[in-house]
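Two complexes, one shared chain (chain A), two partners (chain B, chain C).
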Partner chain A sequence: MTVAKPLPHDAAARHVDGSARYVDDIPVPAGTLHLCFGCARISRGRVTAVDLGPVRAAEGVIAVLTADDLPFDNDVAPVAHDEPLLSDGTVHYAGQPLFLVVAESHLQARRAARRAEISYEEETPILTVEQALAADSRFEEGPRVYGRGDVEAALATAPLVTEGEIEIGGQEHFYLEGQAALALPQEGGDMIVHASSQHPTEIQHKVADALGLPMHAVRVEVRRMGGGFGGKESQGNALAVACAVAARATGRPCKMRYDRDDDFTITGKRHPFVIRYRAGHDAEGRLLAVDFRQFAVCGWSQDLSLAVADRAMLHADNAYWIPTVRIESHRLKTNHQSHTAFRGFGGPQGMVGIERVLDHVAHRVGRDPAEVRRLNYYAEAEEGALSAPLGGSAASPPEDISAKKKDLQERRVTPYGQVVEDFILGGMTERLLETSGYHVRRARVAEWNARNEVIKRGLAFTPVKFGISFTLTHLNQAGALVHVYQDGSVALNHGGTEMGQGLFQKVAQVAAQVFGLPMAAVRITATDTAKVPNTSATAASSGSDLNGMAVRLACEEIAGRMAAFLAERHQAKPTEVRFRESRVEVGAESYSFAEAAKACWMGRVSLSATGYYRTPDISWDRIRGEGRPFFYFAYGAVVSEVAVDTLTGEYRILRADILHDAGSSLNPAIDRGQVEGGYVQGAGWLTTEELVWDDAGRLRTHAPSTYKIPAASDAPEVFEVNFWQAENRAETIHRSKAVGEPPLMLGISVLMALSDAVAACGPGYPALDAPATPERVLAAIRRVRGAA
Partner chain B sequence: MYAFDFVRPKSLNEAVEALQPEEAMALGGGQTLIPTLKQRLASPSKLVSLKGVEEIRGICRDDQGRVCIGGGTTHAEVAAGVPEYPALAALAANIGDPAVRNRGTIGGSLANNDPSACYPAAALASGATIVTNTREIAADDYFEGMFMTALEEGEIITEVRFPVPQAANYQKFEQPASRFALVGVFVAKFEDGVRVAVTGASEEGVFRWTEAEEALSSNFSPDAVQGLSVPAEGMIGDLHGSPEYRAHLVGVMTRRAVAAAG
Partner chain C sequence: MTKVSMTVNGEAAEGEVEGRTLLVEFLREELGLTGTHVGCDTSQCGACVVHVDGKDVKACTIFALEAEGAEVRTIEGMANPDGSLNVIQQAFQDHHGLQCGFCTPGMVMSAAALLAENPKPSEHEIRDYLEGNICRCTGYHNIVKAIMAASGQDVSRIAAE
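Then we have the complex of A and B:
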């Protein structure tokens, strides 16, 4: 079994010794040119005069391009065609590319770009939720609303109503490898592009449009990225298109990489949100109705914001059944970078909203927040009910049982109508609270807090239920191309991209499994639009689910042909042919895999196949907010403990206990890495990672000297990560579950643990905003004390 | 960076000579100056590296028991070389990262007088003497506000003399990204009284918190400064913290330093 083995990342050794090749490491042909954008310094207005003379005169400059010089489409938007590569004269944010410098070296291009003399007519930028609402500056005609029932009526009759608001900051992706692209012009106007991109097909598409070429004339290759996190889903388009356009204009290879400050300044981030809530509940903390208003700060262009904001709505329930619920979502257009995909894709913001509600409600009713959370869970899936379709034809049960069943069935329905058939958080929570010693520690924390004035501790349990599939249904498809060579070696290719998450290794394990081969026999090749066309972005945690399936189907196709050929030769049935331990067994006969491959080749059997997979059983109407957007849900549960210094607001994560659901993990070592990294990245988002724009709309935190991501030393000292060992009820690749995004939301427990610690300081509710910097924590401490 | 000449004199005299032209600048470890040049915020015609000037490097004690640190001594050398002044060693050991500590020098830090730097607090709280190629300057007369000092053009810090207190401690509240001091407080207790110097906080740069000094001189305990606070007015407000927060931290860090000094 190569599947389910904790094998290291296929490039782990290369990552360490430096031989893993990224775009900027590719040896370039002589004569390669280097690009740099000249960017706007104001956040809103018009360019009134441009003098690019000094730029053109600068040393090493070959060309300077403006919007007027672009031969075809001036657009790099992923969806809405609203994002010019180079400004048409209107400035939408500070950092917007205005012109493109093409020079002999990277530094020359950078130096020259600074020499432009540009005058503007400034307008007042829209930078806050209030300003955007006042100006009705938004995407789509008005807010989207999903939900069920009459929320106002339910709130009016609820015994208690708890209301509040939380501000949730954005997040810089901070991939270690910045954005980069390299374009190599070919004969006849064709273009080859190497990009650091999660979405080679989109790069191909945008480059083709920019060059006025059909897609077949553009080939995009991505070997790997040094991190993506969603930041390379659409944000790489600008560099790739710029390189291609410049390569076309000069006939020379063109390369571009953003300097870190430019990367911060030009590219979009996780959407900052403000979420307002009114929750009706009883004295035990049982939710009766919740009214959410989500305000997403989208930045200047639409990018992927609609889908991001949709997903925030689809996770406004997290793990909880809310009988009556209304979620209103505003997608605000502002003069910031165009915010984009980021691990979780809006889900984390939606989830923070409901977790905040439960925290607040638990505080209000004076009960243990973990208990209040459990009280509100969706109904647990039935034992052994492997994704049985709804309304199955079982013999009708007696009246009362059927009434109970009906009640349970009702407690499975999400606000958007999908039935949660695989809910396992009841069991996971039970187990985690026990293994983490939650109840004993809760008592110990209380005792500690009673004895200690200065250092307060906080403990929090939070669950994660994350929907797996692209909500844009047509994206849930993938292709693969597999070759078996006559020496028995296997090369495989698929549409997924490798960004450090270990996708290639997992998929290679799937292929090796089909052929009964060791990993060394399987070669993973760079993602290439000429090999597998029309791919989706490697996103929505779907990489292994989709590409693993497509690769398996391709491998099974080839193995099937080999089996048929060998079976015929030995008068056996194809089903009796076995591929294991590098051998192919047919009855009493046994070939090495290489011998078998060679025999098939000699017998004129095709040893190359494509595989294609589309996720079954999903459909979604995003306007009505109804359907089954998700194939299944991935779950996680965590208990975090923190200590807060009440004199300064400083804090530390002392311990985290995680129980995560990766189904039958394809590779527990890689999945563990995803869980640990996700938790730390989620915690960073909600604690130290603070983006600051000044009043003029300029991003002031644009380097590691001002923006703090967690380091290894910020991970909790006690970090227990375990997997809930159970198969996915849905038929996924080897019954595994997607694991890319879900663990990020485990980090929410840190914000809740901080809230718990602050709550120990006084009678008020902390109402902590995120990121909960020490200064904010201190302010919250003062608030809860002031409430005395 | 703009173009400049580079010289590496071997003696103090040569260095002083090389620094004569108005546009010449001394280069210590380059940890502040090189980034400044890269951003084109300075345009010296000539950089005079002090790395080759052995006579301003190293640590010794004078007959008054003071710790005398050469102006060209690195943070790492101070961290390892002043066992009799643990608070100063600890301060040096916690500046930046190993690369910064192996290059950056005490002379460079004091000449630069960054409002968030650590050494100015130590020098001021210790009542140190800043020795240059031409004179001796008491720390109280040396710091003249953010990035401003009593140094004249071309004057080189050759040595810094620290009286060793009976007890001392430096508490630094780090800005988490850069780890510079958001607020740093150095408390030093001498036979004739306590000195408290605050860095990172004020728009005027490092300053002595005299109110706390008086309270601590009569009662060296955290309780003595419990009720005291500095006004938020005049404190730095930036993306990392408000003036109110900084003012609050001055009190907390002072009490922490007193408690830690024992």
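Then we have the complex of A and C:
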């Protein structure tokens, strides 16, 4: 058995001795050139005059390219064809690439790029939600609206209405390895590209268009990334296309890696949001109606913003059944970097919105927020439920049964019409509140806060329900290519990319399992568009679900052929052939796997197969906001405790208790790493990671010196992570669940715990915006005290 | 261009560099030792930590010429003499102290420097020492655990598999 084992990352040994290669580590041919963009210094306007003479004259410069020098398509957009590689003269954000320097060294290219003399005619940039709304600057014709029922009527009759607004900041990916690409020109005009990319097929597509070639003339290889987090889904296109264009122009290999400041300045981030809410509820905190208005700051080009904003709408409910609900989503076009995918893809922002509502409502009605959350849960799935989430007494008279069933069924329907068939948070919450000692600690925190004036503590429980599948239904497909060689060794390839999440190892475990082989027999190979074509980005947490299935199908195809051949040879049935412990058994006969492979080869049996998988049972109409966009949901639950210094606003996370649902995990060690890392990354987003653009639209936090990534001492010292032991109800690979994105949203509990601590300082509601930096926490403390 | 010579991983190394050439550029581009990574270019992230005369130094914050005559050790020189992983490297693998791996060489080098001066650090001391090493993937828990384990301390309390 190789599946379900806590094996280390496939490249762990190479990572610890420094031999794992990233794009910038690949030995390059002599004569390789290095690239750097010259970028706009203003955020909106037109270029009126350009003098590139000093750039061309700089030491080491081989060529300088502008939009006019591009031979074919000047576009690097993933969807809308609205993102020129090099500006046509219009400037949409400070940092937009205007020209491309090709030089003998990385440093020479960078130094030369600074020497351009450029004059601009500046226009007033659109930098805030208000400015964008006033100018009607948006993507799509108007807001999208999903929901059900008459919200205005329901709010009008609700016993209580709680209103508010939360500002949610963006987030820089800060993949440790910055964006990088290397293009190697081939005979006949073909191009090989090595890219640090989550989406090799899109790189191939954009490079082909930029070179005026069919896709078959471009091969893209990705062995690994030094982190992606969504930031390498589309943002690597520009580097790969620049390298390919420059390689074509010079006939020499070209490499580009962004200096970290350039990376911050040029690439998009997690979308900042403003969410306004009006929630109708009763005195217990039971939600009756919620009206959300979500404002997504998308930046200058569309990129993936529509799908991101859709997913924010699809997670505006999180784990809660809202009887009457309206979600209005505005996708605002602004003069910022083009905001893009980031772990959770809009889901986290939508979820912060509803968690804020519940925190606010609980404060209003004076109840424990955990209880208010549970009160509003979707109905628990039927079998395997540990507790009924509904309030009220257990015993019901018989005549109520069908009515109750109908009520339960109604309590499973999301605002977009999908029935939540697998809701397990009732049971998970029960368990976590118990194992984390929530109720005892709630009393202790209250006691501490009553006795201490300066340091206040806060405790919060939050759940996560995250929908799994790409909401663009056609992306839910994957391919694999598997070879068995005559010596019994196996080469494995699929469309997924490795960015640290352990996908390659999990999928290799699936392959080894089919053949009954040890891991060492399976060679993991770099993602390669020439091996598996037309792949989707490794995104939406779908990597192991999709590629694991495709690989299993390919392996089963080969194993099936081997079994049929060996069965015939021994007058057995193919179903009696067993692959286990590196052997193939046919009745009383037993071959080593290598002997079996060789026998099959000699018997002229093909030992190579492709596998193809598409997710079943999904359909989605994103305009109407109806359908079944998700194959299933992944769940998580967390209790976080913080301590806040009320004199400075500084805080620490004291403890986190997590119960996470990874189904039947393919690799519990790798999944645990995703949960721990996701929590800290989510907490960083909502606490210390503050992006600051100045009034001219220039990003002022463009390095880790000014943008605070969590460090080792910021993570909680007491960190209890456990898994909910239950298989996925949906038929996924070995009944596992996707685990890449969902844990990020466990970090929301830290924001809510800070809210709880601040609320202990005075009677007002803290209404903390995110990130809740110490400055914001201090301001909130003053606010709640002022409310006295 | 100036001639520079130093000992890198026990072997004599020399080359011609400009005054502004950083040690990390010399190691990566002249010597091909690409295990030392450039993460942030500005001495924040710690992916480029190496040892210079036994001290941990961010190789992007020192000129190659400043290491003239020094004993430099990089991640490529950390394995045991027989080529097997050393105790810190092994612990990072065994305790899953890495994901994307890009910060890992710097983490291993910092951990080695810490353990050289403090063979049994507390969890708190480890977290403090790593303040100049950013990891974006792991949440640090398994890194701290790996360093505790490498120092021969019981990590069962820190969480199981």
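The rule is short, and it goes like this: the second predicted complex is superposed on the first by the 771 of 788 C-alpha atoms of A that agree within 3 Å, B and C clash if a C-alpha of one lies under 4 Å from a C-alpha of the other, contacts with A are read in each partner's own complex, and residues count from 1 in each chain.
Criterion: a contact is a pair of C-beta atoms (placed from the backbone, for glycine too) under 8 Å apart; a residue touches a chain by one contact, two chains touch by 3 or more.
Please read these numbers as outputs of a predicted model, since none were measured by experiment.
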Chain B versus chain C as contact partner of A:E434, first or second or both or neither: neither
Partner chain(s) touched by A:E717 [first = chain B, second = chain C, both, neither]: second
First (chain B), second (chain C), both or neither touched by A:T701: first
In the superposition, chain B vs chain C on chain A residues touched: C
Partner chain(s) touched by A:E775 [first = chain B, second = chain C, both, neither]: first
Touching partner for A:E284 - first (chain B), second (chain C), both, neither: neither
Partner chain(s) touched by A:D17 [first = chain B, second = chain C, both, neither]: second
Contacts of A:T688 with chain B and chain C, given as first, second, both or neither: first
Partner chain(s) touched by A:T648 [first = chain B, second = chain C, both, neither]: first
Chain B and chain C contact sites that coincide on chain A, given as residue numbers: 704-705
In the complex, chain B residues that touch chain A: 173, 176-178, 239-242, 245, 248-249, 252
Chain A-touching residues of chain C, taken from the complex the two chains share: 28, 32-42, 44-45, 47, 74-76, 78-79, 85, 88-90, 92-94, 96, 98-105, 108, 123-124, 126-128, 130-131, 133-144, 159, 161
Contact set on chain A toward chain C in their complex: 6, 8-9, 11-22, 24-25, 27, 173-178, 224-229, 259-261, 499-502, 668-670, 672-673, 676-681, 703-705, 709-713, 715, 717, 719-721
Residue numbers on chain A that touch chain B, as the complex places them: 647-648, 650, 688, 690, 692, 700-701, 704-708, 775, 778
